[in-house]
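Quick notes on the structure that follows.
Per-chain residue numbering starts at 1, and chain names A, B and C are given in the order in which the chains are listed.
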Amino acid sequence: MLADVIPGLMSVLDPTVLFFIVVGVFVGIVFGSIPGLTATMAIVMFLPVTYTMEPIEGVSTLIALYVGGISGGLIAAILLNIPGTPSSIATTFDGTPLARKGQAGKALGVGVVFSFCGTILGLLVLVLVSPLLASVAIKFGPYEYCTLALFALSLVITLTGRDLVKGLISGLLGVMLATVGLAPVDSAKRFTFGMVDLNAGFSLLTLLIGLFAITEVIKAAEDVRKPFKAEVESNVKIKGFGFSWAEFVSQKFNMVRSSAIGIVIGILPGIGGAISGMLAYTAAKNQSKYPEKFGTGIIDGVVASESANNAGIGGAMIPLLTLGIPGDAATAMLLGGLMVHQIAPGPLIFDKSGVEVFGIFFALAFSAIAMLCLELFGIKIFIRVLKVPKYLLLPVIMVLCVIGAIGNANRMFDVWTVMIFGVIGYLLIKAKIPHVPMILGFILGPIFELNFRRAVQHAQIDPTGFIGHPIAICFFVVTVIVIFFSLRRQRKEAALLKASEES
Amino acid sequence: MKKFATALTLAAALTVAAAPAAFADDTYPSQTINMICSHGAGGDTDYNARLISRMLEKKLGVSVVVNNVTGANGSIALTQYKDEKADGYTLIATNAMSLASNEASGLSDFGYDAFEVIGIYGKQCGENLLVRADAPYNNLEELIAATQKDPETITLGVAMGGSSYIAGLIMQTEKNAKFAMVDAGGDGAERMTSLLGGHIDVTIAPYTLAKEYIESGKVKSLCTLMSQRLPATPDIPTASESGVPNLQIDTLYVLLAPKGTPAAVTEKVNAAVQDIVNNDPEYKQAIMDFNFQTPYALSIADSIARLKEQREHMMSYSKYLQ
Amino acid sequence: MNSKRNDLITGIVLALFSLWYLYEAFSIRIFAGMGKAVVNSTTMPKIWAVCMLLLAAALIFRSIRAPAPKGNGDKTSASSWIKENSEVWCTFAALFIYAALLEPLGFIIASILYIFAQTIILMGKENRNYVKAGIIAVVCSVASYYVFVHWLAVLLPVGAIFE
C-alpha cells in the first residue's frame, strides 16, 4: 500500500493535472461565491467534461471544484450577508457583523485560513483512520439517525435569539415546507394539489435564494429613502492574513472541535455541510466564555463555521472511498466521476486502485493549497465588492440566482418558488420571525421523519430493538440534557436582552 | 448577430415543421438535438444517456446536448417533455423501470404510449439478492424456506414502491415467502450500507454496487433478478432458475421522443443507435467498464413489445403500489 | 404597526394555516402495499400541524396579555405606510413580472428588463442614471446567457416569441 504513495504523488505532480486543479478551484470559488450557484452545481456542470479526461485529471478536477465551491461560499456570506452555498449559512452569523464593523478583510482572512485548516484536518483523518471510521459509520441505522436528527433539531433553541416561540415557529415552518412532495418511505404525494411540479418538493437552494437573496434586495429597497446611509467601507490595508498570530492561537481549540464536528457530520451520509456549520457554531457558542458576543461580529463564529464545513470534505470522502456511499449530492457526483474512470470505491479500493487513491489524497491537499493562495490573493479584490453600490450589484445577483434556480433541476417552476419564498421571507421579517431555524427545520425534518418511520418499522419487528443501540440512547439522553440547558440559557439571555433594551 | 441567429432558428424551425416526413428523412438532423435525461448526473441512467449522445454526435454529425431534468423518479422530466415540439430535436432518455413503476404507483398518469418510442438501447447489469457472507442460507430456496419457518423476522430492506419492493412482492405472493419488509432507501448504495451495518438481513442492489463486497467476502449474492445470467458473473444463478420463475426485473434504458415525432426520425435515430450499440467497440468497452453492461439494443417494434410486457407486469402489482 | 398587533395577526394567520394544513393532511392517500407501518405518511404532518397550532395559540395568548404599547407611535395609516415603502412593492412586482416574462420573452430580454427596472428602483430619485443601468442590464444578461447556455448546458428559456 505504501508503495503507492510515490506514484500517486507523481501522478498529481503532472503539469496538466496541476493546471486542472488550479482551474477547478478557481471555478469552484466562483460558483461558491455567487449566491444561487453552488459547489454541487459546479460539479454537475463539469462532470460530463471529466468523463473524457484521463482518470487522475478528471478526479482531481472534480475534487478541486468541490474544495473551491465549499470554501467560496464564505465570500458572499461575509460581504453580502447571503450565503453563497448552503454550507456557509453559519458564516453569515458573525461574518456579516464583522464586515459591517469595517473588518471585512479580517473576516475573509479568518474564513480562508480556517477553511484551509479544516480541509487539511479532514484530509489527515481521511488518510489515517478512514477504514476504522467507515466501519463505525455503517453502524448508524434508523435509530441512530432518528435521534441524531432530533438532537440537531434541538439546536433551534440555541439559534433562535430572544423569542423562543418565534424561533420554534420558524423551525416548524421549515419542517412543514419540507413535507411538500413525495413522502419518505412510501412516496405518497403530500400537499401537491395535483401539480406535477410539486411532486419533486422544494429544493434547499430555492429556499435559500428566496430567504436570503431576495430579502437582501428588499432591504436595499427599504433603504433607498433612508437619508443616512452608513457607508462602513473597509479601506483598511490588509497585512498578511488580516489577523494576528495571537488570534490564530486563541482559536486552536475552536478549530479542532469544529473540524471534528465537520468530519463526523461529513462521514454520516445524508446530513450535509449546512448542518455541520450550524452545529459547530452552536457548540462554539455554548462552550465559549463569552457566548453573548456571538452574533455581534467575533472571529470565533467564522472559525467554527468555516473549519467545520471544509473539514466535512475529508469526512465525506471517507464513506465515499471506503464504502462507495455518497453522503450528499456533491459526493454522489464524485462517485459517478470515479466509476467512469474504473476506480471502484469499496473495501478493496486500496488494493485495486491504490495509486489513484493516493492521487486523490494529494489532489485534495493541492486543492486546499490552491484555494488558500487564490483566496488570499483575492481578498483585496473581493473586498471591492463592498464598494460597488448595492443598486448595481443586487439586480445582477438576482439574475444569477434565477439562473441557479433554473439550473438546479432545469425547470422554470423553481423560479416561481424562489419568488414565493422571497415573499414569505419578507413577511417573516415583518413578523420578527428569524430565518435560520426555518432552514434547519427544512433540512432536518425529512431526515427525522424518514428515520423515525424506519425505526418504527424495525421496532414493530423487534420491540426491544432500541436497547441494542447504545449510540442512539446516548444521542437521546444528550438531546434531553441540551434542551434543558439551552432553554435555561435562552431564558437568561432573553431576559438580559430585554433588560438592556428597557434601560 | 443575435437577430440573425434568431432568424436562422426561426427559419429552421419553420422548415422542419412544414416539411413532410419523407423530406425530414433526408435533412434530419440539421441542428442541435436536446436530449433530456430524467435522472441526475452521475447515475447509471445519466451515464448511458451521455455515452449514447456522444456516440450519436459522431454518427449524426450534429451536437447532442444532454440536460438533466430531475425529480420524482424521473416523472418530472417525462411529464414536462411529453408534449414538447415533435420535430425530432427533443429526445428523452430514461429507464423503462421508472416509466412503468411510476404509472403503476400513480406517480404519473401515462405510460410508454404517451411517447414515440425510439428504442431500448441498454440493459442494466441487474439487481442481485444479497445477504451478509455469514448468513446461513446459500440460495433463494433456502432463504424462502427460512422466512416460512420464522415468519416476519428476517428483514428485507427495500425501497417502498421501487423495483426492489416489487421483487419482494413477487416472492411474497408467488412463493409465500414471509419477509419482514422494511424501507432501506431508494438508492442501492443506501441499502448496501444497511445490509453491511446489520440493520437489515437481506436486500436487493445492483451488481455494480455489490461487486467489491462480494469479492472481499463480506456479502454473498444468492441470485440475480435478470432474466438471464450476467456474462460477467456466470456463477450467480438467476431467480427464475432458483424456483421463482416470475421474479425477473430488467432495468432497460430507453430513448423516447414526444408524441407525434415523424416515424422517419425515430427510425433514423433507432438505426443509428442500434449500429452504435452493436458494432462500436469503444461503446462496448465503455459500458462494460462503467457498469458491467453488455450491448443490448432493440428495434422500434421489439422495444414497444418489451415496454408493453413490462408495463403489464408492473400494472398487475399496482394495487400494492398505491 | 406595533409588536402587539403584529403578533396577534401573525398568530391568527399561523393558526389558520395550521388548521388548513391539518385538514389537507387527512386527505393524504395512505400507502396500501405491504410492509408494516403504524406510522404512515399522514402521521408526522398531523403532529407538525398540532405543534404549530399550539405555538400560534401561545403567540395569540401572549399578544393579548401584553400591555398596550406606550406612546402612540403607530398612528401611521396603512395607506401612507404603503406609500413610504413603494420601492418594496415595486421590487416584488419587478421580480414577479420577471418570472412571468422569462418564458414568453426569453431569458435575455426578460433579464435586461428586470436588471434595468430593479437598478432604477434601487437607485433612488436623486442619482438615477438610465444609461448606466441600461448598459449593465444588457452586458450582464447577454454575457450570463452565453456562459451558461453554451458552456454549461443550462436550459435557459429562449423565448416563445422566437419559436
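As a convention for this text, a residue touches a chain if its C-beta (ideal position, glycine included) is under 8 Å from a C-beta of that chain, and two chains touch if they have at least 3 such contacts.
The structure presented is a predicted model; accordingly, all values stated were derived computationally and were not measured.
Viewed as a contact network, the protein chains are fully connected, with every chain touching every other. In terms of C-beta pairs in contact, A-B outnumbers the other of B-C and A-B. Inter-chain spacing, taken between the CA centroids of chain A and chain C, is 23 Å.
Averaging Cα coordinates per chain places chain B and chain C 38 Å apart. Here the spacing of chain A and chain B, counted between their Cα centres, is 33 Å.
Counting partners per residue, chain A has 48, 185-187, 189, 410, 453, 457, 461 as the residues that reach two or more other chains. Each of the following residues of chain C touches two or more other chains: 29, 31, 33, 35-36, 153-155. Counting partner chains per residue, chain B has residues 66-67, 69, 160-161, 180, 182-183 touching two or more of them. The residues of chain C lying in touch with chain A in their complex are 3, 6-7, 9-10, 14, 21, 24-25, 28-31, 33, 35-41, 43-45, 48-49, 51-52, 55-56, 58-59, 62, 84-85, 87-88, 90-92, 95-96, 98-99, 102-103, 111, 114-115, 118-119, 121-124, 132, 136-137, 140-141, 144, 148, 152-157.
Across the complex, chain B meets chain A through its residues 36, 40-43, 46-47, 50, 54, 66-73, 75-76, 79-80, 105, 107-108, 152-153, 155, 160-161, 180, 182-184, 189-190, 192-194, 196-199, 208-209, 211-213, 215-216, 218, 289-291. For chain A in complex with chain C, the residues that touch the partner chain are 45, 48, 165-166, 168-169, 172-173, 175-176, 179, 183, 185-191, 214, 217-218, 220-222, 224-225, 390-392, 394-396, 398-400, 402-403, 406-407, 410, 412, 415-416, 418-419, 422-423, 426, 430-433, 445, 449, 452-453, 456-457, 460-461.
Those residues of chain B that touch chain C in the complex are listed here as 2, 6, 9-10, 13, 34, 65-67, 69, 85, 158, 160-161, 165, 168-169, 172, 180-183, 319-322.
Touching chain B in their complex are the following residues of chain A: 44, 47-48, 51-52, 138-142, 181-182, 184-187, 189, 196-197, 199-201, 269, 319, 323-326, 329, 332-337, 339-340, 342, 344-349, 409-411, 453-454, 457-458, 461.
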